[in-house]
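Multiple structures are listed underneath, in structure tokens.
The same chain A turns up in both complexes below, where it pairs with chain B and then with chain C.
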Partner chain A sequence: MNTIGYKIKKSILYLILILLGLTCLLPFLLMMVNATRSGSEIVTSFTLIPSTYLSENWHTVSEYFNLLKGMLNSLIVALPATFLTAYFSAMTAYGLAMYKFKGNKLIFGTILVFMMIPGQLGLIGFYNLCTKLHLVNSYIPLIIPAIAAPGTVFFLRQYVLSVLPPSLIEAARIDGAGELYSFHRIVIPVMSPGIATMAIMAFIGSWNNYLLPMIILNKNEKFTLPVMMATLRASTDINSNQGAIYLAVAISVIPILLVFAFFSKYIISSISAGAVKE
Partner chain B sequence: MNWKKAVSMALVGAMALSMTACGGDSKESNASAGAKDAVGTENAGGNAAEGGASSGEKLVVWTLSDDLIDFGKRYTEQTGVEVETVVIEPANYPTKVQTALLAGEKEPDIIVGEPKMLEDFYDAGFFEDLDQFGAKDYADQIVDYVWEVGQSDDGVQRAISYQITPAGIYYRRDIAKTVFGTDDPEEIGKLFADYPTILKTAQTLKDAGYRIFSSDAEMNVFSGDSAWVIDGVLNVSQSRYDFMDLCVDLYQGDLTAYANQWSTPWLQAMAGQVPILSADIQSYADDSVDVWKSADEFEEATKDMEKTEVFAYGLPAWGVLTLRDHVKDTSGSWGVCAGPAYGFDGGTYIGISSQSEKKETAWEYVKFCTLNEETAEWWIKFSQGDTVSLKSVLEKHKDDANEVYGGQKLYEFWLQQAEEIDISKVTRYDQAIGDAWGNAISAVKTGEATKEEAVSDFYDKIESTYPDITVNRE
Partner chain C sequence: MGKGMGIMETKKKKMKNYDNAGYFFVAPFVIVFLIFSVYPVVRTLYFSFTDAKIAGVGEAGWIWFENYKRVLTDKFFWRALGNTVRIWGVNIVLQLGLAFLLMMVFSDVKYKMKGLGIFRVIYYLPNLIAATSVAFLFKTLLDWRYGTFNQIIYSICQLFGKTYQPIDWLGTAAHAGVTIAVVQTWVWFGNSFIMLMAGVQGISKDYFEAAAIDGAGRWTVFAKITLPLLRPILLYVAITSLIGGLQMFDLPYLMAEKASASYDSVQTVVMYLYKFGFETGTTQTGYASAIAYILFLIILAVSVVQFKLFNRKEG
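Then we have the complex of A and B:
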């Protein structure tokens, strides 16, 4: 095994992987560096040496809006939405995959069809509905619809079919576990890598969502972070706000990084968990 | 097939249930919102906001320019009526307004628009008829073209702007004296009378070691003597081709400083000497010099290049504000003269949402922003030189000498220019078609495409963007 050829092969492999890793990290690094530079510096070709405009950029940002308030608003929307997406999608997926009932295929087919309809199409109707329900300017229309996430259901259904042997559930039933109990105590732990992946996606999607909050929210103090950040672009002197935009973006990705760090633990640890002995 | 029936029954049941539930909800929340109002508590919730909207003491303004934040504050100070100003990024403003108003949103009392979106807004019926409040009585107080832009096709007044934005040519008086022996705006205006004269002027300036413009797009605001679309047919008039030729000649004849509008060297040239960049740098083919660089780095990168000074800029009236921030040492040696045609660009038009429940109060606000002499006086001072639309105030300030322009009386000039503007050539397609034409010009001047190819691409673009416009290829 430890021949020279093997070592060379391995070094080349690692070199390529390191390069790939750097390529992935570079945009993040660039964003952090740009957050410390002035607008006119940023529009220069890129450098990785931080500059000294961090506090000025922060000042510009706070002149336009309260970044922390925006983050809080975004969290109020994104956390429940993520939880609802993850929990209910997992439940639906499990139900569709493991229970045999009439119409199962039909429901699954319907879900597939709905995956293909872009949400923007129904924007005016959705707004109309929200007006009638008195939900404009509220976070509810941004959170509750997250329960129905056809894409996530589809992914998790395929996932649960591949990782969850029916005999596991049968064993639980024989031991007297109720359906909900076995879902919570057995299915969710087994599915958690898939759920974690989809939760990360859902969180990022909800956190970065711009169009819907922009349409639904009409009050400055209720705006979520992306809507607030867009007002930086409304300035006449766009160049001077460049640094501030980078700073706002850099701060706004922190929660995404945190969520990722939190969920990635589950992705790794659960891959080996919860199998059946053949 | 039993389960199908069961499912459909369940669905219908669920729908009916949710509907009754909603009905109950809305009544209840209306009532509770009303109750909250009665005790005067402020609640940030959606229901309370709607309730607040009917109390008559608060106006909601949806705008795309942050100017109105200051107008709103002043209005509250003077009248005690609370004004909530929501600023939405200009690019998404039409989407927001269209979605909300088409869905019957009653919240905004005041909505605004730029000329390029107004026509769509009028057609959709977003703007309330202002004539019913007696807007007609004010017709001769506002500069004519602004008044007309604020009218829908049926001649009903729907929006009014507080500013005018006629275009003019900003030029350096000191260079004019050296090269042409005069700095009189009338005389200099003759040097920009038409496109061939501009080319001649450009050559004269080049021979004297100057450049006429920083970019080749300066005459954009004056281009076109007829509308882009007439009766649903795309109209590319001779003047559009003339303008294309002018840009190409300026560019290929080495007559500009090869800067792009709003780039660092373009702004720098307002303060004096700038290096003459090469055509490759402008089109980014040569990236040895980065034109968006900060001033110091830019100077370093171009120190070996030939330097020149730029003679003129073509900008609307709000260019006064841009120049104010960038002229530095050349302050006082600027002048403004008329261009080859009359044009205007931008402007925020204020109107009342047709779904507002407080139109009377909203009309007071519109009057305050646009028809109130005192507000106009305040805005001139507050904005440090924006040009207002009230004739009486412009008259009053017509003897105001602007020191940046060697004491030239700018308000008088803008008023003259604005009086000549013909708005019949403004259409809702201007932005998109103008941009497409600009791309065609760029392609021709850099040699990417021949004129025929570029024009043909332009037609393709228009056909695919607006299927309802008839394109007659020449």
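Then we have the complex of A and C:
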């Protein structure tokens, strides 16, 4: 087995895998380096050695927009949305999985149908609803709908069926525990790994969401980070701004990189689970 | 005896009560779902049959299928659909192809490649970044005069003594679609790879061992075991990618300049919908709603066909 040919072939395979990995990382690396360089440096040549213009670029960025405010706005939207998705999806999933009531199958069927429906289908009606309810420029249309996340409910329903033995709930009932009490004290702890996975995905989804906030928000001071970033589209003086653009992108990327650094295992397992479950 | 029956009865009664608690658990979901998911979809359907210009402003007249007729005869709509399919087509071939090759490399019994954990994380990383950030990162890197990509290619060409005429990756109709498809691939191939890998790891080792004992070659194993057993996951990846692909918006919308020559060649269906649904000056709510429903019907039809196709082959 361990012939020279085998070893060479294996090394070539590794080399290809590493090159592909570099392709994934290089744009980020160039971004970080270019964020420290001046516009005129960037337009003349490329390098992987950082320069000294970081603070100048930061100055230009802050003149153009307030990224920290955008980040704060994104947090104000993403944190409650994530919490609502996690809590109410677990609640709905548990309700659908453990109780036999009229309409249970109908609700589950509707959830399956809505998982297949593209998000754009209701977009116009959604915007119309928000204007009627005077919710334009409010974060409510970006947060409250998170209570009803069909995909998350679907995943957690399968999950609770596989991890929660019904006898556990029956035992609690015999001890006189109320249904909601059992849900909080028994079901949520048992489901927590699944809930955590879904919560991370919900957070990233909400944090990165662009189309819906762009439609709902039209005041600069309300913009979430992606909407704020998109205003770069209007900037024409790319030449002098390039370093600043790289810096702005870098700043917008860092929070997600941090989330990923801590939770990559959860994230990857959730994708794998999604694939195997189907 | 009588007492026992009584306990049974109360127990039964109590079980019924427990089941009614289910309503309480699903109520918040159902209420929000009806308001923010079902109602908008129905409302959009209503608009699609009216000549509403700006939703809620002025009277909307009922015009039956006029909007649908107009969409089906609108050459810009068909062009947008063509663009979407073309970009998606290039993207899915690259994305699934790459994911598939990686899956084969990592599941190869002969080479037993290590480092799946770390490679998986790195390949997946681009998928997490907001589309707006990806769009501006690549837009800036691919800028034809000052972009770093052309600089890199230029210096590589110089190394080999060749000249390089900088390519306008995003500004010309010939390149823009493919460029966006490649960026899309960069974003999504890790995701597909993880799914395929999960699928291949779910295949029982017994099959492969039995095949090895029978002296089956790598390609036989691949064609007779791996590929057939992976079919459901391939279907899942393909359908989700198609549903996502037909809804493509962020990357082309942000990467293509409206004024540039390439804009018409990368305008997707959802960009076209957005133009009529939300852009000031061109708002025609009724028309945009019809576009949304036609897009939905196309997605539905393709999903059904794809599903049937895969199921038949399985038999």
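Annotations for the structure displayed:
The criterion applied here is as follows: the second predicted complex is superposed on the first by the 190 of 278 C-alpha atoms of A that agree within 3 Å, B and C clash if a C-alpha of one lies under 4 Å from a C-alpha of the other, contacts with A are read in each partner's own complex, and residues count from 1 in each chain.
Going forward, a contact is a pair of C-beta atoms (placed from the backbone, for glycine too) under 8 Å apart; a residue touches a chain by one contact, two chains touch by 3 or more.
In this text the structure is predicted, and so the values were computed from the model without any measurement.
Contact with chain C, but none with chain B, is seen for A:Val153 once the two complexes are overlaid on the shared chain. In the superposition on chain A, no contact is made by A:Thr82 with either chain B or chain C.
Of the two partner chains placed by the overlay, only chain C lies in contact with A:Leu17; chain B stays clear of it. After overlaying the two complexes on the shared chain, residue contacts for A:Phe114 are found with chain C alone; chain B is out of touch. Contact with chain C, but none with chain B, is seen for A:Met91 once the two complexes are overlaid on the shared chain. Look at A:Ile124: by the touch rule set out above, it reaches both chain B and chain C. Once the two complexes are overlaid on the shared chain, A:Pro226 sits against chain C while remaining clear of chain B. Once the two complexes are laid over each other on the shared chain, residue contacts for A:Lys132 go to chain B and to chain C alike. If you count the residues of chain A touched by chain B and by chain C, you find the higher number for C. Once chain A of one complex is fitted onto chain A of the other, the partner contacts of A:Ile215 extend to both chain B and chain C. Overlaid on A, the two complexes show chain B and chain C touching the same residues of chain A, namely 43, 45, 123-125, 127-128, 131-132, 211, 215, 230, 233, 239.
Residue ranges on chain A touching chain B, taken from their complex, read 38, 40-41, 43-45, 102-103, 123-125, 127-128, 130-138, 211, 214-215, 218-222, 230-231, 233-235, 239.
Of all the residues in chain B, the ones that touch chain A in their complex are 3-4, 7, 22, 25-26, 29-30, 44-47, 49-50, 60, 62, 64-66, 84, 86-92, 95-96, 98-100, 102-105, 107-108, 262, 264, 287, 290, 292-295, 297. Note for the complex: chain C touches chain A at residues 14, 18-26, 28-30, 32-33, 35-47, 55-56, 98, 102, 105, 110-111, 113, 115, 119-126, 128-133, 136-138, 140-141, 143, 145-146, 148, 151-152, 155, 186, 190-191, 194-199, 202, 232-233, 236-237, 243, 246-247, 249-250, 254, 270, 273-274, 277-278, 285, 288-289, 292-293, 295-296, 299-300, 303. Of all residues in chain A, only 1, 6, 9-10, 13-14, 17, 20-21, 23-25, 27-28, 30-31, 34, 42-43, 45-46, 88-89, 91-92, 94-96, 98-101, 104, 107, 110, 114, 116-129, 131-132, 141, 144-145, 147-148, 150, 153, 173, 179-180, 183, 204, 207-208, 210-211, 215, 225-227, 229-230, 232-233, 238-239, 242, 245-246, 248-249, 252-253, 256-257, 259-260, 264, 267-268, 271-276, 278 touch chain C in the complex they form.
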